[in-house]
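Next up: some structures, all given as structure tokens.
There are two complexes below, and they share subunit A, which is joined by subunit B in the first and by subunit C in the second.
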Partner chain A sequence: MEINWAFIVSNLPLYEKAAWLTLKLSILGIALSLVIGMLCSVILFYRTKGLVRLVQAYIEVSRNTPLLIQLFFLYYGLTKVGLTMSENTCAIIGLAFLGGSYMAEAFRGGIESVSKSQLESGLSIGLSNFQLIRYVILPQAFAVTLPSLGANCIFLLKETSIVGAIAIPELMHITQDLIGIYYQTFEALLMLVVSYLVMLLPLSIALTWLERKVRYAQFGN
Partner chain B sequence: MTIEEKHQVLLQINGLHKEYDGTTVLDDINLSIHKGEVVVILGPSGCGKSTLLRCMNGLEKIQGGEIVFSGKDLTDKNVDWQNTRQQIGMVFQNYDLFPHMTVMENVLLGPVKVQKRDKAESLEQAEQLLKRVGLFERKDAYPRQLSGGQKQRIAIVRALCMNPQIMLFDEVTAALDPEMVREVLDVMLGLAKQGMTMMIVTHEMGFAKAVADRIIFIDAGKICEIATPDEFFSNPTTERAKQFLNIFQY
Partner chain C sequence: MLNSGINVIIEGVNMQRLLLGLAVTVRIAFISIILGSLLGILLGLIRTSKSKVITFICRVYLEVFRIIPILVWLFIVYFGVTNLLNIHLDGEIVALIIFSLWGAAEMSDIVRGALESLPKHQMESGLALGLSFWELYRYILIPQAVRRMLPGAINLSTRMVKTTSLVVMIGVIDVVKVGQQIIERSVLKTPTASFWIYGLIFVLYFIVCYPLSKWSKKLEAKWEN
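Moving on, here comes the complex of A and B:
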């Protein structure tokens, strides 16, 4: 079989553009999901009255519905009740909505791994609740949680492959278009695979490096 | 003139009552501690002595009675614990240094972040205190790189850096290897000599004898005996205290 290199070269700019879009959506979605996850896990940890049930309900809805359906709901559903958002906004919110619950559960595991005596030790020098979270709980929880946070980031980045379903020209979407137009199925899919690897391999390596660095203080090497 | 008359009362406990889910763990505790006084609390395991210490800085809520510290009623609903705890240093059995911070970061967290004191001034005090406990060279080490005795001395420095009016020691040598106990007790004895007010829960009888102005013997949640170390160790008045001391004599 002959690989059509000319096709690959001529479509590189298209893939590059789509990859940047994928990255942009992922970074914003992941950043938001980290914020949501952190807030939810702190609420769950402190059993904040009134909010705990809300957070639990959110986590169940988020984890037990597919991203595709969440996206359809945001994009096609909400517009029928008068709330119209751009495709990109829907994609970012969708990713954050899905990722938030995964991040929350990961953070919760980390927070619960911080011993009660650490909290008391912090309180005994007069730390406020906020300072306790900021200086004692989160840094320790983060070191423990980092592997699962990293896995979640990679998971979310990969999940962007379905946001094309709401007409966003990301990698999967343009690949399907190219196949439809030129029937260059192998070349298009090869470029898709390589595009994801180019984005994800450095991320994986960076996460491993960060993990080692963060773990050093607490656990050594 | 007795100790009571010589100094002013720093901590006054009246009729303290503490229970967990209906089980009384401390009952009708009355005690006053004077500035510069060293009080050692003795008693069998589970008698409530650690709980009593933890009530002093609000780690445990009490169900009755009052605690007056430096003129402030700590049972008042609106008591500012963040502020109060800065004046009550506490050292725990398991050191509980923050594992993700170096020794110096551990020690400076309170002064700089809680008390918002000048960094340079805090650093100077921290360095001085670290030198005093012989650990200045380890200021950049992480807790995991220190021995138990070293960690405990750092924990003491961390509490001292807040310039507390009183120090609470909760079985601080109980988790240490025997040869490390001494280095920690020496630091505490030094503090006592400098006039620090201290409440100490310990099982080290020899140390209790050496450091205490008064011994409080607690059993089953009640104060059984309050005496000077000499009286207590040579001639305990209650049967329960006699039994307790016999256990320590081979």
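Moving on, here comes the complex of A and C:
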């Protein structure tokens, strides 16, 4: 089989644009889900009355339904009852809704990983509250949380492949279009895979490196 | 306005059709979970081997599925491989292949993690007692490893069920596709159809996945020590 290089070159700008869009959507989605996750884990940690139930319900709903259905409901469903949002807004809300619960779990795992004896030892050697947080809790919680936060970022970036289903011209969507219009299946798929590799490989390698880097703070290793 | 639309769910045979669509979704998930687990356990056992080459190959296999989104994989096989080999593959077959291979990759990591987390003295005590290789796995290692891997394996199953929603993108008539057909047919009579139908599909997925994730959490809490 022969690769149609001219086709690849002429469509490269299209993929570049789509990749930027994918990145933009995932960065916004990740940022929002970090905020939601942080809020949720704080509410769960302090057991804020009334809100705990709500947060738990949100986490269950978000974790047990697929993103595609969340998007369809947001985009096609809500507009019929008077709430119309642009595709990009829907995508970001969908990603944040999904990612929020994953981020909340990551934060919770980090906070819970710091054993009680650590806090007590810190207090008994006369650390102030700030020092306790700064030198005892944060470094240890961070070491546990960071790998899962990174994994969640990669997970959300990959999930953006689904938002093409609501007519956003991201990588999957334009690939489908190119296959449909020109029937250059192999070339379109090749560019698709390469685009994802260019975005995800560095991220994944950086994450592995980072994980090794922060592990020193873990107690008992 | 809202009250007038909810009927679309029970109108005619709509509910039956949606449930039949859900059965397709669940069937794909079920078969791939079984195939993926079997293959994954095998791979997981292989990954504990000492040969660097073998573990490297298995690792690459896992990472390849982790880095490329599943939807891309579905496209590669559905559009690319069929085109390359000049064959036709049904969307459902493609879904089964990809989900099984992906499940196997993730499962192998769970199995490897469980086996490697067992304290070394368990194996050494077994050997010291004079157990054979088979007895060692049958009575010492596997029972303990199963406890450690079951919560993760159930979690993986929930993820696989959720991911089956993507098969609509490669032309499988699953619950989402049936929903779209119903919406298109009733859009003139019931403009709010998409709200109710997608809302219902949302709930249906939740009903399938929620018990699984609850079960996994329960086992995790029970076997914590």
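The working rule: the second predicted complex is superposed on the first by the 183 of 221 C-alpha atoms of A that agree within 3 Å, B and C clash if a C-alpha of one lies under 4 Å from a C-alpha of the other, contacts with A are read in each partner's own complex, and residues count from 1 in each chain.
Assume a residue touches a chain if its C-beta (ideal position, glycine included) is under 8 Å from a C-beta of that chain, and two chains touch if they have at least 3 such contacts.
These figures come from a predicted structure and were not determined experimentally.
Enquirer: What is the contact status of A:Thr48 with respect to subunit B (first) and subunit C (second): first, second, both, or neither?
Expert: Neither partner.
Enquirer: Which of the two partners, first being subunit B and second being subunit C, lies in contact with A:Ser128: first, second, both, or neither?
Expert: Only subunit B; A:Ser128 stays clear of subunit C.
Enquirer: A:Ser86 contacts which: subunit B (first), subunit C (second), both, neither?
Expert: neither
Enquirer: Would you sort A:Val136 into first (subunit B), second (subunit C), both or neither based on which partner it touches?
Expert: The first partner, subunit B, only.
Enquirer: Per the contact definition in the header, classify A:Ser10: touching subunit B only (first), subunit C only (second), both, or neither.
Expert: neither
Enquirer: Is it subunit B or subunit C that touches the larger share of residues in subunit A?
Expert: Of the two chains, more subunit A residues are contacted by C.
Enquirer: Using the superposition on chain A described above, determine whether A:Thr208 touches subunit B (first), subunit C (second), both, or neither.
Expert: A:Thr208: touches no partner chain.
Enquirer: What is the contact status of A:Gln118 with respect to subunit B (first) and subunit C (second): first, second, both, or neither?
Expert: Only subunit B; A:Gln118 stays clear of subunit C.
Enquirer: Can you list the subunit C residues touching subunit A in their complex?
Expert: 1-2, 5, 63, 66-72, 75-76, 79-80, 83-84, 158, 162-163, 165-166, 168-169, 176, 183, 191-199, 201-202, 205-206, 209-210, 213
Enquirer: Please give the residue numbers of subunit A that touch subunit C in the complex, ascending.
Expert: 1, 60-61, 63-70, 72-73, 76-78, 80-81, 158-159, 161-162, 165, 172, 175-176, 179, 185-186, 189, 192-193, 196-197, 200-201, 204
Enquirer: State the interface residues of subunit A toward subunit B in the complex, per the touch definition above.
Expert: Interface residues on the subunit A side: 115, 117-118, 120-128, 131, 135-136, 139-140, 143, 217-220.
Enquirer: What residues of subunit B sit close enough to touch subunit A in their complex?
Expert: 57, 59, 81-83, 85-86, 88-90, 92, 94, 96-102, 109-110, 113-115, 142, 144-145, 158-159, 162
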